[in-house]
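Take a look at this one; I'll ask things after.
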Amino acid sequence: MYIAHKHIDEIFEYDGSQINPSWAFQEFGIYGSSIITWIGPVNITADNLKDFADVGLEIKSSNMVNFICEFFDQQPPNMRIAYLRQRLLVMIFREILTEYGIKTKREGDDIFVDGGKLSISIASVSLSSAKIHFAFNLEDKGTPEDVEVCGLFDIEDEEENQIFNDDNLLDLINETVLRFTDELKTIENDISKTKVL
Amino acid sequence: MYIAHKHIDEIFEYDGSQINPSWAFQEFGIYGSSIITWIGPVNITADNLKDFADVGLEIKSSNMVNFICEFFDQQPPNMRIAYLRQRLLVMIFREILTEYGIKTKREGDDIFVDGGKLSISIASVSLSSAKIHFAFNLEDKGTPEDVEVCGLFDIEDEEENQIFNDDNLLDLINETVLRFTDELKTIENDISKTKVL
Amino acid sequence: MYIAHKHIDEIFEYDGSQINPSWAFQEFGIYGSSIITWIGPVNITADNLKDFADVGLEIKSSNMVNFICEFFDQQPPNMRIAYLRQRLLVMIFREILTEYGIKTKREGDDIFVDGGKLSISIASVSLSSAKIHFAFNLEDKGTPEDVEVCGLFDIEDEEENQIFNDDNLLDLINETVLRFTDELKTIENDISKTKVL
Amino acid sequence: MYIAHKHIDEIFEYDGSQINPSWAFQEFGIYGSSIITWIGPVNITADNLKDFADVGLEIKSSNMVNFICEFFDQQPPNMRIAYLRQRLLVMIFREILTEYGIKTKREGDDIFVDGGKLSISIASVSLSSAKIHFAFNLEDKGTPEDVEVCGLFDIEDEEENQIFNDDNLLDLINETVLRFTDELKTIENDISKTKVL
Amino acid sequence: MYIAHKHIDEIFEYDGSQINPSWAFQEFGIYGSSIITWIGPVNITADNLKDFADVGLEIKSSNMVNFICEFFDQQPPNMRIAYLRQRLLVMIFREILTEYGIKTKREGDDIFVDGGKLSISIASVSLSSAKIHFAFNLEDKGTPEDVEVCGLFDIEDEEENQIFNDDNLLDLINETVLRFTDELKTIENDISKTKVL
Amino acid sequence: MYIAHKHIDEIFEYDGSQINPSWAFQEFGIYGSSIITWIGPVNITADNLKDFADVGLEIKSSNMVNFICEFFDQQPPNMRIAYLRQRLLVMIFREILTEYGIKTKREGDDIFVDGGKLSISIASVSLSSAKIHFAFNLEDKGTPEDVEVCGLFDIEDEEENQIFNDDNLLDLINETVLRFTDELKTIENDISKTKVL
């Protein structure tokens, strides 16, 4: 199972349209399963909202790291698999933060630090692919007033030093993608050496 | 999505036959998806081996906590979902250990503590259900000589106090099952409020 | 397999939009599979028509009992299962009428009494769920002129007494939902005790 | 959706092996989906038992009408569809009995007349096809002593005349098969004229 | 597996809307899987474009033979099966041309003669059916200027005689449909005589 | 979609057991989808026969080129996809022979040259993978007496020169595998750039 990873250096807004199928092909000519990552503001328009529980809410933040995953392997796409993989991504990201000494809480697909919401996520499917959007705040800027938010850059270690900054952010992004795609590959490998019941 | 949990107080051996479909119905009259937990030795016979990579190896331990999960919701059963749910179970168990202050490492479905293998796991499917076996050692007793093993009861905190013992083991088992089944339910809930692409 | 049932006491029109996915979540905050029942007029707009054979026809009636079923268990949803479950619902409703001594005829998903059309039904799927709309007339009022219609309240026993009225209608609705959901549960139970071939 | 029907005139025993996949091809050279019907004793060997709830029980009767249905259309076969189609067959058979004026009760896939068990049924799947065995007693002969049984030939109308006999039995068999296969075809037709959500 | 074939004698344009699900039912009242063939111009509007790689390109030709295939057998429809069947159709058409002594090249779903593009094709799915559009040029007329095109009527044998013309074109169309539907039926037959692993 | 190809230089018999799931992993440690090719005799034991139409027949030949393909991408495996891919492999092999100037006939998955059977093939599935066995004769040696057989090495061009021999056989094998795996990849690429209906 090959999954291409492309990190885009330019800043652009996630407005919710990037979760549409074949976005990676249309924008970057990428065939097959892929993960596109970039840094930019998030401001999801009502039209592009995928979580019916969020209708009427603002989902926005001025500075987030975005992951858009698209999977074509499972045909027809299966929403259950989409959400299981989403949980895997969120939990792997959390495992990495734990290794950096950061205490987090997780509720479903949400990660919290010190009571502040660090991340947002949604999964969904079309008939051609499954998509996941996962994003975490770098700062608490441009976020809804009624939500307590934590930015990655706000997190400090015990000596009150900032743990992540512009120098090691890309390492974190790459490490997250690498562990996630590796995990999916070990699952495929496990399948190919398992006797059925 | 309702998943029955039954903890069996008697000690009995996991010989690998318990992974067969409808074992929970045949042994305990349980209909539908279920998780059966118990404490007992593990000694998988060659006939019951499901991991082709383990052919010729001994998989045994005198004292383990066993989880047998069976899922009938996905029809026909899907090996990919079986392994994704297995990873979820393993990672949730690991999240709980982390909360107890225990440092662990994870490689796929294996958990290690201080270089010793704490747990074993396999997933597989028949045409009626998906099954997961997950088990962790309580002690390093009766395990293969060439494998470094860690038992849960061997793990100590910084003051060299044993963290788990017979008094709080059942809490750990119940907590693991509860969080795992809750996670699966939140996934089903997420599906029912997601707009498709 | 848990299926929530909610009967809505208010009268509102079925215009065909209620068959859209996650309607029960959006309107009533219900997670997972559900059956919503209510009494009200039916007047399906051209936009909301799901049966291509009905294009150009009027589907309307002033006083019907409506059932909207939504199933999230089968992922990805399967139109064949949606229609098989629809037939089950229609046949169970007919079984109950037979117990009340009412002679009916069935053609596919249509039920007739004395040559008059008692009920309408459609099934369809999105990528998140399968939906069934089933409705039966209480009176022959506001129905298309070129269709012979029978209302449930028009049916009389041999002594020319009306069989159903406002006093026992809710019992009929609840009994229909209960038997249907029970049937689906026995099917799931049957799966969990069946040996595969 | 074409389903071949072949009625076998010879008497032979249903021992449970006929539910295996491709039995109709191996015995009669029939390609594709089919329904084979015949009259004969039933005596299911322990090896061929498919219902784990029946382990240790005798399932036998000296004189039954047997239906073996095999479906290759759904790939991969789906146990849920197998059981939904089984319910359809049982309910259609019951609808026909009702038209003959026979009062019956149904519990899942069992039909009762006057408290006596008229029929038995099981559904299951292999990876190539779904199979249904449905059989009803003609007489209460050779059946387990602890089960109250009703034979079709024992049923009488209000004037105490036997309703079914050797003269009209084949009509009943053919009518049951015809309505069942017609129902499945109308479902496929419904699919091809339904707009998705 | 029954697949209806209807050849339409009137000339009409393929504008891309004919690939929508249930078009054969809506236009011609055809239930179930079908292949509709006709001769006419092709001019796909931007709205109806299904290949994201063709965005911004003109796909048009004044005189093509069109095949629209719709399959309802696989539920839920599977894009992988849609494309495998498309390749089968294209390769079978090519096999027939080879029998006529015509040398062709194939790249995926495109057929070339003497460097000129003879055919176009796309496959896609909705939740009710899988669809294939396959069309080949009769002449190089009304085609995009930047594409080298070959028309079937332009192909000559070694004595420079035109191989296909209005007299034998319908035979070619019928033969292509017949072999393709026969191939799909032999596959279904093969399934019904194969032992699973 | 990555498919490993391994050609085994040693000669060994195909006895039918190599079609079992995970054979490539168990024998060669290969994870994931793969094609194993080798030269050797074929002699399928009754136990390993997968085509119920061949029961009682001998399937043997002293000198064949064998292809064993295993696919783990489609979960759960689908017999329809297995046979569609088998047809693709057979037709691609035939396309290559045509390019070498060899006239062949094809009936389903059988290739004939001058009335002699050149190849045999079967496809099947377990719950973990889909498998294809395809093999063609090099000589008419050790084959059943009642079958007219053609060996690849027996085929001559118009000047009566042998077309294939030990020098170019491996090229043919590699070219066949390469085009087949390329075709499957272009199908996956096509999926990732197709708009759904």
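Annotations for the structure displayed:
By written order: A, B, C, D, E and F. Residues from 1 in each chain.
Criterion: contacts are C-beta pairs under 8 Å (C-beta built on N, C-alpha and C of every residue); 3 or more make two chains touch, one makes a residue touch a chain.
From a predicted model like this one, the values you see are computed outputs, not experimental measurements.
In summary, the chains found to touch both chain A and chain E are C, F.
With every chain reduced to the mean of its CA atoms, the largest distance from chain A is reached by D.
Comparing each option in D-E, A-E or C-D with E-F by residue number, the pair that reproduces over half of the contacts is C-D.
Fitting chain A to chain C on CA positions gives a rotation angle of 120°, reported to the nearest 5.
Per-chain CA centroids place chain C at a distance of 41 Å from chain E. Averaging C-alpha coordinates per chain places the centre of chain B 42 Å away from that of chain C. The set of chain B residues that touch two or more partner chains comprises 21-22, 25, 52-53, 74-76, 78-80, 125-128, 191, 193-197. Contacts between chains, counted with the stated touch criterion, involve the pairs A-B, A-C, A-E, A-F, B-C, B-D, B-F, C-D, C-E, D-E, D-F, E-F.
Those residues of chain D that touch chain B in the shared complex are 52-53, 55, 76-80, 125-127. Residues of chain D that touch chain F in their complex: 22, 25-26, 75-76, 127-128. Against chain C, the residues of chain D that register as touching in their complex are 19-21, 49-53, 74, 78-81, 83-85, 87-88, 91, 94-95, 98, 106, 108-109, 122-126, 131, 183, 186-187, 190-191, 193-197. Contact residues of chain B toward chain C in the complex are 1-2, 21-22, 25, 31-33, 72-75, 126-129, 188-189, 191-197.
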